[in-house]
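You will see two complexes here that share subunit A, one where it goes with subunit B and one where it goes with subunit C.
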Partner chain A sequence: MSERSRAGSSGPRTNQTAKRIAFGVGGVVLLVAIWELYKALGPATGVVVGDLTILPRTTDLAMPHVWDMIGRLFEPTGGGRDAMPVWLAVVQASVFSLGVAAVGWVVGVVVGLLLAILMQRFRTAESAVLPWIILSQTVPLIAIAPLVRRWGSQLEFGDFSWENWMSVAVIASYLAFFPVSIGALRGLNSPDTIHVELFRSYGVGWWKTLFVLRLPASVPYLLPALRLAAANAVIGTVVAEVSIGLRGGIGRMIIEYAQQASGDPAKTWAPIFGAVAVGLVAAGFIALLGVLLRRYRRGEVPA
Partner chain B sequence: MSDASDITTAPATAPVVPDAAVQVSGVDKIFTGKKKATVTALESIDLTVAPGEFVSLIGPSGCGKSTLLRLIADLDTPSTGTVTVFGKTARQARIDQEYGIAFQQAGLLPWRTVTGNIELPLELHGVGGAARKARVSELLALVGLSDFAESYPDQLSGGMQQRVAIARALAESPRLLLMDEPFGALDEMTRERMQTELVRITGETGAAVVFVTHSIPEAVYLSNRVVVMSPRPGRIRDVLTVSLGTAQERTEELRENEAFFENVSKVRELLHGEAPVGIRGVETR
Partner chain C sequence: MKHSTRLISGVGALAVTALALAGCSSGGSSDSTDSADSGDLTPVSLQLQWYSQAQFAGYYAALDQGYYEDEGLDVSILEGAADIVPIDVLTGGDADFAISWVPKVLGSIEQGAAVTDIAQIFERSGTTQISMKDANITSPADLKGKTVGSWGYGNEWELFAGMQKAGVNVGDISLVQQAFDMNGFLAGDIQAAQAMTYNEYAQVLETVNPATGELYTPEELNVINWNDEGTAMLQDAIWADSDRLASDSDYADTAVKFIKASIKGWAYARDNPEEAAKIVTASGSQLGESHQLWMTNEVNKLIWPSENGVGMINQDEWDQTVSIAKGTENETGATIITSDPPETAFSNEYVEKALSELKDEGVDVNGADFKPITVTLKEGGQ
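== the complex of A and B ==
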């Protein structure tokens, strides 16, 4: 009712938001429906063509019921007397991973921005650094994880000692800095000649131009890059937790629970839900950032 | 009408005029492109603009009007010759903020409100908040946009954006205004209103103006002198002194005036390099 009676200009927008939410919920419902439908109707041995399984088995082991997965969340993790419920364990692990990913994201964004600013300032830096930035992303994660860990363990000054979670954060930042540096460079170079010449006519230096013109103008390019960086940081954290063997996070939990899959198939899915939730929180944070910076997105063509 | 000049005192080719607003002497501008293709955009240009004088540059497309303006603004440097602005080098004059500039596009920053855009140069040069506020409200009144102080550029019409750009150019009360087809993108009606406003504003501020345009009536209506240029290589073909009175005397009625049409046909004559035939009527371009 109160939504209806609002001013006309906000009408279409609230309508759109409602539509989006409906689509989001509908998508999840559809996924659950397909899952259960296939489980009910599909052959127990799965669909096999030759030696190749193209659709999974429909046994409870391979495809537990959705309600079993959800129900399992509210049961204790193990047999122990003071075992906590699965959902709490998953939330704790998710928060831990989210924290590590956030550190990685921040480091990656700072490094990416600094690289972009350097490349904007010096053309020679662009031709010298840009190929390395692109090349850096072709190195597989599995290869760098042990390296980072080994180098980190050699670091020690004063009270500071390298911890495993830092290695994970470094790897997350390694994946996060790339889209930021590329997006920010495009954004910093995006002001029209007319604007650049206007600032030149004001006789202001490069730094002032950077802060008053180039950085604000780069926001429309920066936001998608930050979103990509957040997704990369989350994926990097989960994968690096596994390859470095960091306990306490969602990555390690996925492996641990998967090993118990034969006896407790529904439990396997709990940390996967956790990983999805971490991704959603990260995406939500970027969306919030976009709202805070909406002033700088005027004239941006809605994608 | 006689060519008796009113404000113009400096001869076009004087070696040094100490109190000139702009002095361009012996300037060539040659662009060297890739594959050694060179374009002589300007050749032996001599031009002096007195303080408070309104000078228009007119000529066919590609004759180097924008290039000349950019040299005065120190957005580019001449290949030979010198440009001085109020007795300083163009570079020094730019650093000292001796001029305000407006281009064909308004070039407003989309994330700043009208107020934010107008106070941009003041902010960049460290003018205090209170002084800024006072100056902006003055300028908003001058260009008639007081009601739109907090609007964003995308909420304004093209003509309103252009007025904001002019207010921004005037923000630091420059003694010299450089304008490159500032009304080029406007419709005829808005354009005439803006011209009237510009005459009033320059009359009030006493700034010298170098104004690039494609429109003969616009040049005649606004200017004390019209500089007619010819292309390839860009040269000053002739300079016409327009004697239509002071800024206060240049009202809307002037557009219907016989003397106005006479000057329009003179400029057209110079532009085409031939005597005009037929009616001396209103022309649109």
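== the complex of A and C ==
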């Protein structure tokens, strides 16, 4: 990404914003156009090379019309007498999943930051912990999700009892802490030696160096890491919801509606839109965070 | 030094996690059903195989109608999910009872799980292999050379047994992994697809046939029913922890009470299918109204009429399940089990007690004059 303007320069800014929105809307319109165009012109049996289908069938079953998918959002879910419209059910599920993902993200960010600070402070800790952090991400999610649920259900102290959504949040945090710990470690180590030595020659302690020099310097590394963590938290939440069947979230809704995909193909897409919306809100939140921290965003680097 | 700092950070991370979660613990929704406050009730948890749906109507009906409470039980029903194995939850001590298919559990038992089938709720198998009329597949022998769908994960054994009986090897068909929906079947990728009478079969009948513009009808389909082919295996049963049954007399008493109230729930579902379907929907099932009622009715057919009383494990059906589990090879040449299961794998002791109490109360546990209702499916199961 090119160097951002520091501040001010409002004239071309609004113009740029308008352009960006236009591009965003254009992208969606283009996607819809490609979908409908392929559906109209593509072969009904899909494009098959050998035994391998490389482009999908264009039947209503496989590719419902975009307007059918949208229209379906405003019809009732079909779950009995007090059925609500699909869009409302999807919004409720999305908010629920977003909440769980947010908890997972916060926990993941805190743990990731603490690990990064620890590794920055002690070189031995870095060589001891870093391989484990990397190794932790090679464990398949579907293997740990039921385990976390079962360990969690055995936890109980005082009035606190473990609930299933917490297992999902833990799994989300398990995915979220990784980019944060790696990104933050790079960020904390990013100040020039000359600056670090300046602090040392003034006799500034480690904590003060951390807060005044290292943490501000880490922001350009941290923001992309936080964005990755947000995406990971959302994915972790949805997958873990599927895995342990947590009621109320978008992950379970995807499965429930997928089971009805044959008779009601347009409905299947509703929770997928919801999942996209959750991802967008999460990304938007990080963008907001970036605005708040814009003082420190010099020469942002990709994670 | 290294150790102490790592330890501190580990403890710190744990504390942060716990704090963050404790702070938000009020917001979550629990998937266990509301329980009565009364302290006299014995807490009991039941692990299902899947989400709430009419396949489990009897348990939800028993809960809703207060049958469990009448027996002094405070039952919470735990839903299943993609990665949850009910028998693992049971042996892990996180549930008191579990619902599972017999062949799946036989494999777990051979691997060391100490569990007992204490009530065989479904007497008949709901698994079928369906195909379009024009494919002309009316018997397992016709599957030769066809693309045949199966969900795998232990759902394939009745199919393989039926083929083996008809002299068709697993290598003679092209086996296709089937998804949750019936799209592969409707698109023609799968010529003979696996379908539960109470679920996937209905999914097809809820779909508009593009050729006619109407919903698919049973007349357009051929169904191979494994009950008729003699390779049916026992399905939904109530499983209990064998060790606890042997050592803990309270648990054994609870098992009898639990079976009794559950059978009462199933009798309610038989006599009031519409209400039972509504109870399941109210418990949070997302299935459409007509689909839910269809499922209730079809599940009733798997249970009723029951010659020896619901839940009785009939020796000949058990033996058939075990012999198929021992003698049927899958595509890798493996069988579910290699030797006979232990004596503790099933017991009629508890269900007999429950049935005699129910008979004393005048509950019809045989349903000899059971008549299924007629359910009209609507598009998309609405």
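We take it that the second predicted complex is superposed on the first by the 288 of 303 C-alpha atoms of A that agree within 3 Å, B and C clash if a C-alpha of one lies under 4 Å from a C-alpha of the other, contacts with A are read in each partner's own complex, and residues count from 1 in each chain.
Heads up, the rule we're going with is that a contact is a pair of C-beta atoms (placed from the backbone, for glycine too) under 8 Å apart; a residue touches a chain by one contact, two chains touch by 3 or more.
No experiment lies behind these values; they were computed from the predicted model shown.
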Here subunit A is shared; do subunit B and subunit C fit on it together or clash?
fit
Taking the superposition as given, does A:V129 touch the first partner, subunit B, the second, subunit C, both, or neither?
second
Rounded to the nearest 10 degrees, the Cα-centre angle subunit B-subunit A-subunit C in the superposed arrangement comes to 150
In the overlay, answer first, second, both or neither for which of subunit B and subunit C A:R298 touches.
first
Subunit B or subunit C: which reaches more residues on subunit A?
C
Kindly classify A:L213 by the partners it touches after superposition: subunit B alone (first), subunit C alone (second), both, or neither?
first
A:D192 in the overlay: touching subunit B, subunit C, both, or neither? Say first, second, both or neither.
first
Touching A:G203 in the superposition: subunit B (first), subunit C (second), both, neither?
first
Touching A:V170, do we find subunit B (first), subunit C (second), both, or neither?
second
Once you lay one complex on the other using chain A, what is the shortest C-alpha distance from subunit B to subunit C, in Å?
26
Can you check the complex and tell me which residues of subunit C touch subunit A?
1-2, 5-6, 9, 12-13, 16-17, 20-22, 24-25, 27-31, 51, 79-85, 88-89, 92, 94, 179-183, 186-187, 199, 203-204, 206-207, 210, 278, 281-282, 284-289, 291-292, 379-382
Which residues of subunit B touch subunit A in their complex?
73-75, 94-97, 99, 101, 103, 105, 107, 109-111, 120-121, 123-125, 152-154
Partner subunit B, residues of subunit A touching it in the complex:
192, 194-195, 197-204, 208, 212-213, 216, 219, 295-299
Given the complex with subunit C, which residues does subunit A contribute to the contact?
57, 59-62, 77-81, 96, 99, 103, 106-107, 110-111, 114-115, 118, 122, 124-125, 128-129, 142, 145-146, 149-150, 153-154, 160, 163-166, 169-170, 173, 242-248, 252-253, 255-265, 267
